[in-house]
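This report concerns only the one structure given below.
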Amino acid sequence: MPQLLAQRPKMRYIFTGGKGGVGKTVAAAGLAYHYASQGERVLLASLNPVHSLSSLFGQSLSGGKVVEVQGAKGVHAVEVETTEVVERYRNSIRGRVKEFLKWADIPLDAKPFIEIATTNPAFEESAMFDRMVDYILKEGEAFDRVIFDTAAVANAVRLIGLSKIYGLWLTRMIDSRKEALSMRVQLSFRKEKVMEEVKKDPLMADLISMNERFEQAKGVLVDPERTAFFFVTLPLALPIAVVRRFIGMVQKFNIPIGGVIVNEVLRPEIALQEGAGEYLGNKYHEQTGYMKVLYRDLGPLVRSYIPLYASEVGGVDMIRRVSEDMMSYAPPFAAELSGGA
Amino acid sequence: MVGILETPFLWVVATIALYGVAYWGYGKWIDRNVWRSDAKKATPAHMYMDGVEYFPVSRYVLWGYQFKSVAALGPILGPFIGVTFGWLPALIWIIGGNFFIGWLQDYGSMMLSVRKEGRSFGPITYEFTGARGRTNLLAFVLFYLVIISAAFIALIATFWNAFKGTTFVPTIGILLTGLLCGQLLYRVKMNVFAVTAIGLALVGLSLYLGPIFPVVLPFGLWNIAAWAGICVLILYLAAVLPTPTFIQPTNYIAFYPAFAAIILILVGALATPFTIGASPPVGIQLDMGPFLTDPQGVLGPIWPILFVAIACGAISGWHSLVSSSSSAKQLDIETDALPVGGGAMLSEGLLALAYLIAYMVLTKSFVFGVAGDATNPPHTNTASWPVGAALLVSRIIGVSATNVLLTTFFGLVLVIYALTVQALVTRFFRLVAAETWSEGRFRIFGNKHVSTAVGLGVPWVFAVSGSWWALWLYFGGANQLLAGLAIMLISIHLARVRAPTKYSLIPGVFMVVTTLAALIWQTWTFLYSVWLFLQGDKSWIVRNVRGPIQADPNYILVAVGINAVFVLIGVVLFGVGLSMSIRLFRSYRSSVVEARGRAPAAADGGTRER
Amino acid sequence: MADSKDPTTSKSRGRKVRDAAKGVMYGMAAHGHVTAALRTRMYLEHLFMFITLGDMLGVPVIPPYYSLRILPYAVPNIKSWKQRVFRERDFTDQVF
Amino acid sequence: MGLSTYFEKKGDAGIVIFAGKGGLGKTTCSAGLSHYMASKRNRKVLCFSTDPQASLSDIFDRDIFGKGLISVIPQLDVVEIDADRRVADYQEEVKQKIRSMYGLTDIPAEIEEYIDSTSAEPAMYESATYDAMADLVSTSGHDLYVFDMPPFGHGVRMIAMAGILSKWVGKITEAREKAQEYEAVAATLKGAKISEDEVLRELQEIQTKITRFTDLMVDQRRTSFFMVLIPERMAILDTERALEMFDALGLQMAGLIVNQVYPKELADAKGGEAVEFLRNRARMQQKYLDEIRSKFAGKVVAMLPMYPREPRGMDMIEKVSQDLLFGPAL
């Protein structure tokens, strides 16, 4: 890991993803702590629909505001909230519906319809993405590094990939909006007035600005100099399978891959010593087996290891330990395997 | 005994003949040489066909629709005031006005709208006079609607109050029937013939019940006010319920009795010579000859008053709205505009004539009332029309002219006419209000219920306080002014396409000048009344108001206030109308100049706008 | 809609007159009602189409998943629908 | 005594849902229960997941993702829904319909573009997943559905989607019906005959499908909703949060399943550093197990041990199913 970080000093935007429960948040926190300990200002942003930063650090970081983590100087954390953004979307749409119903004299209550038209679950996701872009383009500027703890990998990739998907979607939206507005002008008798309204059509403005920002964001997200996506996994079959499956997808969105971080690695000196009992022994052998597979498939990408600790990772002190181990620890089999690879 | 010459018969024949000339002669000529209507040119109905607002409809259907929409209360009450100057001037205006102006307006505004992609008046005004002009029109229409409402509410109240209270039950009957028919159509999805049958049966029933359960309010002088209140409540409901479930079915079911009345009276009027010898004789009664000079001296000089008193039948601005708002969007081919627009208007002229005859066959004292006669005080005998109509009809169906069912029937027709039109007007007011106050500080007035309440409350105040003929003249003034403005729009368009304009310009100018004059006169009357009051003469003040305010000396200051308010209304109507006219004249002038600049290739009937 | 159009097909004079009379009666009695009903329907349809295919107007509404099931039926009307939605209406258009 | 007691009390459940934070063993439980119900209780079971991470493929050790119904053992079918694929097929279906309806060889460009671009619509993915589930449950004709739900946040959205979509369909149906009403009146008045509305028919179809599904989902009698967690602080905290969300969506939890529990005796085992390591873990777990007991009193219906080997493959699943149904509860 240290070498990588050394090679990529300008790496500002770091994402961690992986199968649920593999310790994405732990890894992200570890990285954040590491940079902070180098005296940098680090922002650790959780993009999970259900945040776990607070529970990890054992202190309230919720509320959607950036706060400095107590006891971890330089680490700033935020559990990203989307409510405001979503509300903005909904309002601009409400406006449009009202405009439609201006002369309408209908025998049923339009309110519920407006409600439905404005409850689009996609808003959550796009809002989340919107905020992410904010943290990349705006808030992020105030920090030396921005580390995103994303949702389970599929969604994470999707979320990042949205810069591409939204690209398509937005351009279509903008086109059809353009068509709509030009039709309005064409079919109006008060050309000037309507022209004015059309010029400052809030929805159009929203769409366009979004598009621009997404374009910028895309530029950042695909720049291997500045961005890296880390897969977190356990030395187990399922999580590794997931990594294997999604690494291609990440490349498809040409998001630069930072590497793989292996979590909960059993230390041989613990597992194999006298009196350890066959339980740990089995686990250890199982683990090495899976590690072989991992190395076979994406050996050079394995960047660092987080050992399995005697107690659950939680609280700043544990995080410190994690960050140190991430930078330094390598289980003995790593060397031989990579040698073998 | 009366001879054929003393019956209205010849007048009817003469009018029909003259209208024939107006249609086949003058009309066709205008259509060919001024508008150059072209059956091959695509109309908006085809260009923007959407099956809802724009779609072609056969000329017969459209004629029926147009006729139904334009022929309502106007031709009944206009003549009622008109005859104040004697029946001959009224007759001449109904014939001449319609011949040179009336049909020309209805037809012209339809053609104009057709040539303007089916745009209605607002947009056309906007095009010709700019945003300000349209706002100006908006303001004018707003007041116009208030005044119509006031006049109609007053009338409905008066009618319910008159006829010994026999018309109320049938009215409610018809409204409920309408509601029921709506439900039968929408919920039960019943076949339309069945619905009609049921509806008519119920209408008949309620008509029959009318005289059996007469409703007479106990409030004496306050009766009118109370009736007006009831009327307002009904209208409020009509305005807030969706049109297709209440107003429309009611219109539908109410159409049949109204139609029957029209036919009966027309036939009756034609039949007069052949019923000679009957007693009381059905001849022209209005004694003192065909000319009268305003027996009560309340109205003012025959010019301009007569010309605003008789609106529909001679010419009415309301029609231009109908023509451009819906009919023009559904005109199948341009050449249909003459039969639909012009034809409908000329037919309404006949209607006005027939109704005028309904007054002609009554005695002067009956129509105008007798000073000091409590049962028939001067100028309040609104029962005249039903009675006259009954008299005409009684002869051909062979019942007594005083048959209560017959008079109730005609009274009912009167009320229903007023009510259905007024329901429309109220709804329209709501829309205009919504447009005027859609945003800004007074947004609240744009609200459905608030605007409806305002659009009924304010008129109610006028209705119960001002004497109704005063209201009617304001309404006439505004309405005819609107007609004038419509004709000006037409002239502007014709000028722009370098078609001959004098045939519309002259009537346009005449209408504008006349109506503005009428408005001034009216305003002046009220102002003068106030002035007299300050001199100590209360008579005029009192004369302009009605009901308890008129009777009770304690209300004298209220009366003065009302007069003052009427002055204000007059000033506003005049002011807004004047500025609108000026804008239009300006626009006309510039159009002429600008058109001269263009190659004389125009006069193509307007294709060059597209 | 155009079935209220002049239905005279045969040349027979009596027939023509009868149809004309029918047309006139229909026009006087029902036409207004019909157009009013159609207008109300139009606004309901606007609402419907807006919520199903609203993103055709560049308004991001509910996911179009099930809208696609409806799309095939809407195809012929889309143009006129857009026209109707976007035509600027004036208060004088609404009188009747 | 494990889930078996629960199901004896409960009788035949229609749907069993396993929800939980990622990686805590939802898939394991789903597989275990399905296997038991199919092999021992002889029910016709469909085990499905909407999670693109294809954990079922991994645990059953065969490629299931997007392959449709795969029968792994008699009576037990497994499905992993591939939403992206479904969207694509669906679009083609729609295009085909348009072509055939109007006898077109190619669709108007505008329309075609529209259809294509919908796949970019952000919520299309969820809708498709949701629709796929609805289809499965309302048509596949199994008598037990085991739903391996995606991790919390997205699981919640999944359910929310159900609510929104059915409301949506309901509303537009209402609008459409009213419109038809007026259309009909216009027709009767014109003496024309009323044409029945295909759109409405289409809508009603969708409606019935959705309602059948959502009814089943929230029907307390037919549906059992389990949460899986492990005895760790974060897991407990997150589970609490998630519970509130699901509650809000009308999904009542039937019980908790605690996974990856170290044998109790380890907690007070004697021995060297290694054992100490395990002891720590075990003790920690005991602490959190107590916390779970107090926080979710009476809710815990089953416990799964920390297996020496990652649960995978049939024999492992069978073992899990034993522990799941008959293993010791708290």
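The letters A, B, C and D name the chains in turn, as written, and every chain counts its residues from 1.
Basically, a contact is a pair of C-beta atoms (placed from the backbone, for glycine too) under 8 Å apart; a residue touches a chain by one contact, two chains touch by 3 or more.
Keep in mind that this is a model prediction, so the values were computed, not measured.
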- prompt: Could you name the chain whose CA centroid falls nearest to the centroid of all protein CA atoms?
  reply: C
Task: Return the chain whose centre of C-alpha atoms lies at maximal distance from the corresponding centre of subunit C.
output: A
Message: If I rank C-D and B-D by number of C-beta contact pairs, which comes first?
response: C-D
Query: Counting in whole Å, what is the centre-to-centre distance of subunit C and subunit D, each centre being its mean C-alpha position?
result: 44
Query: How big is the gap, in whole Å, between where the Cα atoms of subunit B centre and where those of subunit D centre?
result: 68
- prompt: What whole-number Å value describes the gap between the mean CA coordinates of subunit A and subunit D?
  reply: 24
Query: Rounded to the nearest whole Å, what is the centre-to-centre distance of subunit B and subunit C, using the mean of the C-alpha atoms as each centre?
result: 30
Statement: Going by residue number, subunit C touches two or more other chains at 4, 26, 30, 33, 37-41, 44, 47, 51, 55-56, 62-63, 83, 88, 90, 93-94
- prompt: Could you say which residues in subunit B touch two or more other chains, in rising order?
  reply: 119, 122-123, 126, 192, 242-244, 431
Query: Residues of subunit D that touch two or more other chains: which are they?
result: 114, 121-123, 126, 164, 168, 171, 175, 178, 182, 185, 189
Message: Testing understanding: with touching defined as stated, what is the shape of the graph linking the protein chains, line, ring, star, complete or other?
response: complete
Field: Residues of subunit D that touch subunit A when the two form their complex
entry: 21-24, 27, 51-55, 57-59, 113-114, 117, 120-123, 125-126, 150-154, 156-157, 160-161, 164, 167-168, 171, 174-175, 178, 232-234, 237-238, 241-242, 271-278, 280-281, 284, 308-310, 312
Statement: The answer for subunit A against subunit C in the complex is residues 89, 93, 96-97, 100-108, 110, 113, 116-122, 173-181, 183-184, 186-190, 194, 203-204, 207
- request: Spell out the part of subunit B that touches subunit A in their complex, as residue ranges.
  value: 119, 122-123, 126-127, 131, 242-245, 431, 438
Field: subunit B residues within the subunit D interface of the complex
entry: 185-186, 189, 191-192, 244
- prompt: Once bound in the complex, which stretches of subunit C touch subunit A?
  reply: 39-40, 43-44, 46-47, 50-51, 54-63, 82-83, 85-90, 93-94
